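Next up, some structures in structure tokens.
Here come two complexes built around chain A, the first alongside chain B, the second alongside chain C.
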Partner chain A sequence: MIKVLKKSSHIIFFLPALIFLFVGIAYPIVWSINNSFYQWIIGGNPIFVGLKNYYDIFFGILSKDFWYSVYITVILTLLTVALQLTIGMGIALLIYDRTQNKIIRSIFLLPMVIPPVVSGTIWGNFIYNPSYGILNYVLSFFGVAPQLWTYSSQQALPSVIVILVWQWTPFVVLLLSAGLESLPKAPMEAAVIDGASSWQIFWYVKVPLLKPVILAVTVLRLMDTLRAFDIIISTTLGGPGRATEILNIMTYLTAFVHFNMGVASALGTILFTISLAAVIIMLYILRER
Partner chain B sequence: MPYSRKISKILKDLVLIMVLIFTLFPILWTVTLSFKQSRDIVKYPPSFLFTPTFDNYVNALYNSPFLSYFINSGIIALGSTFLVLLLAIPAAYGIYRFNFKLKSFVTVFILFSRMVLPVAVAIPFFVVFKELNLLNTHISIILMETIMLLPLAIWLIGGYLVMVPKEFEEAAMIDGTTRFGAFLRIVIPILITSLIPISILTFIFSWNDLLFPLILSGPQTKTLTVGILNYIGYESVDWGALCATVMIASVPIIILAVIVQKQLIKGFSAEVLKG
Partner chain C sequence: MSEPKKVDRRKFIYAGLGAVALIAIGAAAYVAMNPPVVTQTVTTSTTVPTTSVVTTTVPTTSVVTTTVPTTSVVTTTTEILPPIPDYSLAKIDWKQFKGTNINLISHSAPQTEYMKKRAPEFEELTGIKVTFDLYAEKEYSDKVVIAAQSASGMYDVLAVLPAYSATFVMQKWVDPVYKYIENPKLCDQRWYNLPDFYDSALSYGRFDPSTNTFGVGQQHMIPAPGYLETLPVLYYRKDILSELGLKVPQTFDELEEECRIIKERKSNIVPFVTRGCRMAGTWNIPLAMIGCYGGNFFDQEWYPILNRPEAIEAVTKYVSLMRNYGPPGAAMYDYTKAMELFKSGGAAFYLDTGNYYGVLTDPATSQVANNVGVAEIPAGPKGRKVNFLQWSLAIDPNSKNKEAAWLFIQWVTSAKFAYELMAAGKGPSPRKSTYNERVIQDKWGDFINVVAASGKYSQILPLSLIAGKTQDIFSSYTSAAIDGQITAEEACRRANKEIYDAMKAAGYYDKPPKYGTYNNGGNVIPHSPDWTP
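So, the complex of A and B:
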């Protein structure tokens, strides 16, 4: 008995956390799958409807909203992460080997540590605001007419993307510049001796060496952008119309504004499936390493 | 050649300066606004010369419930950081120090937990906490933050643990210490410096979170983030007080970040770079 206990002592160490996580993650999954088969508005009684919620979401009355949200989600996520990565890489190369690195890094740390709801408030109310925001004022010097930004159904999505890029590109910069500094110097020196241009060194030497870091950062940024909530809620609430209503926001509104728990559970189940897919991709990347 | 190199260096500096201005401007602009009178904030074109006033900060701190929001944010962030560390340190030790049958299953499950979307977790627990009468309590929010932040903490602590040699504990155990004693007296003291960035990261993420406090908090448990969001919803907003509140919500985090900058960057990058 004591021997068994001694042999399995590692279980005692991680069991509390594992039970905690299991209740916290597995229970919601089971709950969501179960409730997705019911028609249920909070306050009323759940009625079993089988796969109706899924039918409504994919093909029925909700399909137009759902697929539009999918479209918005894909655009927002891909564009945001692509911008964060390219701009982040550019800045990382720019600050590489600089003596003022410490000051530069502490400046870059600021956007990523302030609460996202604060950055949403700052941008939405004091920068984008059409009547007294500073952006229209600055642009007026270049002859640009006042724009509606977050109040316009065409400009709302790009406006939100700019906030996301502002807040999280520094994260990419910090990681990529740390990655660049950890690279071995020898391959680059060899490339210089062989007469490679700085662009060739970047594309054929640095990028391949950095590939694991770039891939990991990409997956992380994709998942975090998919979760984007605070910035959208505090600037556009998913609007105007549904112009910035990504899946995350659609699920939130369905559950906590319309209190339609049946459909929200089905949407939640879809979100869990997306996370599962992300993990499988992540594992694939980690194995490649 | 040296001439064109000089030009390219100047160009690079210029781009960098512009990037830094773009990064800093929104924050500095809000700092400026927070010292303006409310009616000057919404003036167009904006005035750049004005007599600074501290009214906004006074209003935010004394005439509104923001002091209690501040305390709630603090209780929730400290509570969840404590709970995360309490669960994550032994968990990381148990998972990354031993080889056992289901190890890969456990690590994949933790990775999955890290990738889950908070809103999907929030729906079931909103109903659960409602039935348990736990809405408008600190503990419900602390529990949810812990669920969301625990995977990252286990993952990060595991990364540091791998670098701690096993021999220290083994030596202590040969001297008659139990496994638990070795964990308490050998492992934790070695880990303690690496726990600093992890604690700060957890504190910041929990302090900054909006979703769970928004769904689960009530009048007595509102956090600063929820307070700021509700503020925007009002018809006649006291913009000055909002600016001041936004600053009050950010300053503790910014100070924290600046003090432990090196550790924090380590914490942020450990997730990606450790592998």
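So, the complex of A and C:
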């Protein structure tokens, strides 16, 4: 008995994690994929319809809304991640070798520790509000006319991107500055002796050495931004009209407002596939290094 | 080096196994030493069949319903109850489910917080403990749908949103309350006095399963206390109107004209505010206006008629009021933002639910408390229409304590409780008897007049099985029109097409008809053969 236990101890210790993976992740995914093949309005009986939900989404009656949401999602994700990386890299370069960087780093981390729903409510109601928001008030000192921010379809998407960048750039800074600190000194010194300018050192020495870290950060931010939900639901709820209705919001509304679980499951599966594809591509590039 | 490491790991594994074994032995010992727990579950499971026997006997009592009026006539001659009878006068055994625990899910509001505060008195009276799960409205509405759909019986009492009323009763997510009302062991009908509720309030809980029609038939849910929602009424600032020499507007044209004057003469005041965002009950405002202009949301056979001239005219007026005289960013204004703006003195006219009267006139919460006037909704070319909304309380069909849940609902929706809640200023009562009390008349004066007047022209919401979806479609287009992305006419036409598609998918145009005809108490418009989506 003891011998058997001894031999299989690795399995026993692995079991809790396995159970968690199955119950918490694998089962819901499989269940949701299964649901996506049914026409199922909450309360009614699920009817098997095969790929009809997917057909409706890609080509049928939902296609206009769906492709619009994809468009919004792609724009939001690309712009947000690009801005986060650029600004994050800039800040990381500024702070990584300062002596007091622990204090500075903590200050830069502050936005990240605020729960997204709270920061969304603060930005949406108190900073962006066109009537009594603080942003228009501050800008009025510089002679800028009051803007509508998240309250108009033209400015809603950029305004949401600003919140996302504000909230998650610290995360990028944290990882990149740690990466910069761990870089070997020798190549940099060699470059200085060879007479490279600081820009050349950054672009030809630091960035190539940092590539694995940059890729990892990009993957993490890409996945998170594709699923950005809490900030949007607490600022615009996909509005005005449908100006900020990313795929996640569309899925939420389909499930909990339209009660259409079949289509919502199909949308969830599509979003899951997109995220998975993005990650696999990034991991593949990462492995090549 | 490797030698001690190996021993360490082994020791660790043994220690881990030992701990697991200890926990297992401990758990076994705990189970063995606490047999009462086991017997308790056995007793409850044996009581369940008896309760189900009770429910099976109910059909016989429901056959008796026709004779109920005669019995009540007989009893009235023997003893006269006061108009608002005390809890102790009910001829039922309040203690019959002593020791039960029941759970309630609702949104957090002054009304529900007041119920929670008074729940210990109910526990004292009945020995039933009520646990309140109160959430913010959006969170609550997600949770209550999940709770109902999963059939877990997690909650015994459900508060049901007005907009979800049809969905809840038609999907059989509630256990019909008429069974409990007709059971003399569980309800003293003469004391409870169901006809004391306003009929329109009761209609939100009625359902006729034989024709699949919501709003008529037997009582499935009971109107929640503290709600008698007339949406919208017109709040105005007395000081601004008298300063500019303006009268209270009687029509939407007058309202627009006065807004123009206010915009010209008082640049720091937003002339008009109401709900304009997507979702959040925004559709109530254009819906009432469509009624005032002689239109309706659906025709008699559930075909959407938002593309008819009356509806387009009404939505155009709504959009132009919000675009030209509303606050900047009006397309994102939900009821909270609109109320904040009016309460802080930033707006002159405010069109929203009558339920806010208490909050707006309370000096503790409102900066303009002493200058708030309230009036009926302005009239359109075809007179006035307002939406009547009713929150309801219902019993979860999967609850294990349905009878105890009913006792709580009976207590909390009684004439006495409704009166006490309104006298405390927490919300208007859905019972007629409350309004005969002097205390109430003094405290809620103007409000009672407006509500009494609007009772004559109220309509209920266009509640189909997919009310949530039709609401989302309609409000997303009106919000886009206020934002300026499309015109009001385009908004109406596109919403009409999409709502038609959604209703068709939900089986509303199936032959033979799956659902009863549409009548919301508004202008009933017969289906026209040349109807187009």
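Structure notes:
Here is the rule we go by: the second predicted complex is superposed on the first by the 276 of 289 C-alpha atoms of A that agree within 3 Å, B and C clash if a C-alpha of one lies under 4 Å from a C-alpha of the other, contacts with A are read in each partner's own complex, and residues count from 1 in each chain.
Methods note: a residue touches a chain if its C-beta (ideal position, glycine included) is under 8 Å from a C-beta of that chain, and two chains touch if they have at least 3 such contacts.
Please read all numbers here as calculations on a predicted model, not as lab measurements.
Contact with chain B, but none with chain C, is seen for A:126 once the two complexes are overlaid on the shared chain. In the superposition on chain A, contact is made by A:264 with chain B only, not with chain C. Once the two complexes are laid over each other on the shared chain, residue contacts for A:241 go to chain C alone; chain B is not touched.
In the superposition on chain A, A:256 makes contact with both chain B and chain C. By the document's definition of touching, neither partner reaches A:59: not chain B, not chain C. Once the two complexes are laid over each other on the shared chain, residue contacts for A:216 go to chain B alone; chain C is not touched. In the superposition on chain A, A:41 makes contact with chain C only, while chain B stays out of contact range.
Touched residues of chain A, counted separately for chain B and chain C, are more numerous for B.
Within the superposed three-chain model, A:13 lies in touch with chain B and with chain C [touch as defined at top]. By the touch criterion defined above, A:284 lies against neither chain B nor chain C after alignment on the C-alpha atoms of chain A. Taken together, the two complexes place residues 6, 9, 12-13, 42, 125, 131-132, 256 of chain A in contact with chain B and also with chain C.
Those residues of chain A whose C-beta lies close enough to touch chain C in the complex are 5-6, 9, 12-13, 41-44, 61, 125, 129-132, 146, 148-153, 236-243, 253, 256-260.
Chain B contributes residues 12, 15-16, 19-20, 22-24, 26-27, 29-30, 33, 41-46, 87-88, 90-95, 97-98, 100, 106, 108-113, 115-127, 143-144, 146-147, 150-151, 154, 179-180, 183, 204, 207-208, 210-211, 214-215, 224-225, 228-229, 232, 239, 242-243, 246, 249-250, 253-254, 256-258, 261, 264-265, 268-269, 271-273, 275 to its touches with chain A in the complex.
Of all residues in chain A, those touching chain B in their complex are 6, 8-18, 20-21, 24-25, 27-28, 31-32, 35, 42, 91, 94-95, 102, 104-119, 121-127, 131-132, 134, 137, 166, 170-171, 174-175, 178-179, 182, 212-213, 216-217, 220, 223, 226-227, 229-230, 233-234, 248, 251-252, 255-256, 261, 264-265, 268-269, 271-272, 274-276, 278-279, 282-283, 286, 289. Residues 10, 13, 16-17, 141-142, 145, 149, 167, 170-173, 270, 277-280, 327-332, 337, 341, 344, 346, 465-466, 468-469, 471-472, 476-477, 479-480, 482-486, 501-502, 506 of chain C are the ones that touch chain A when the two sit in their complex.
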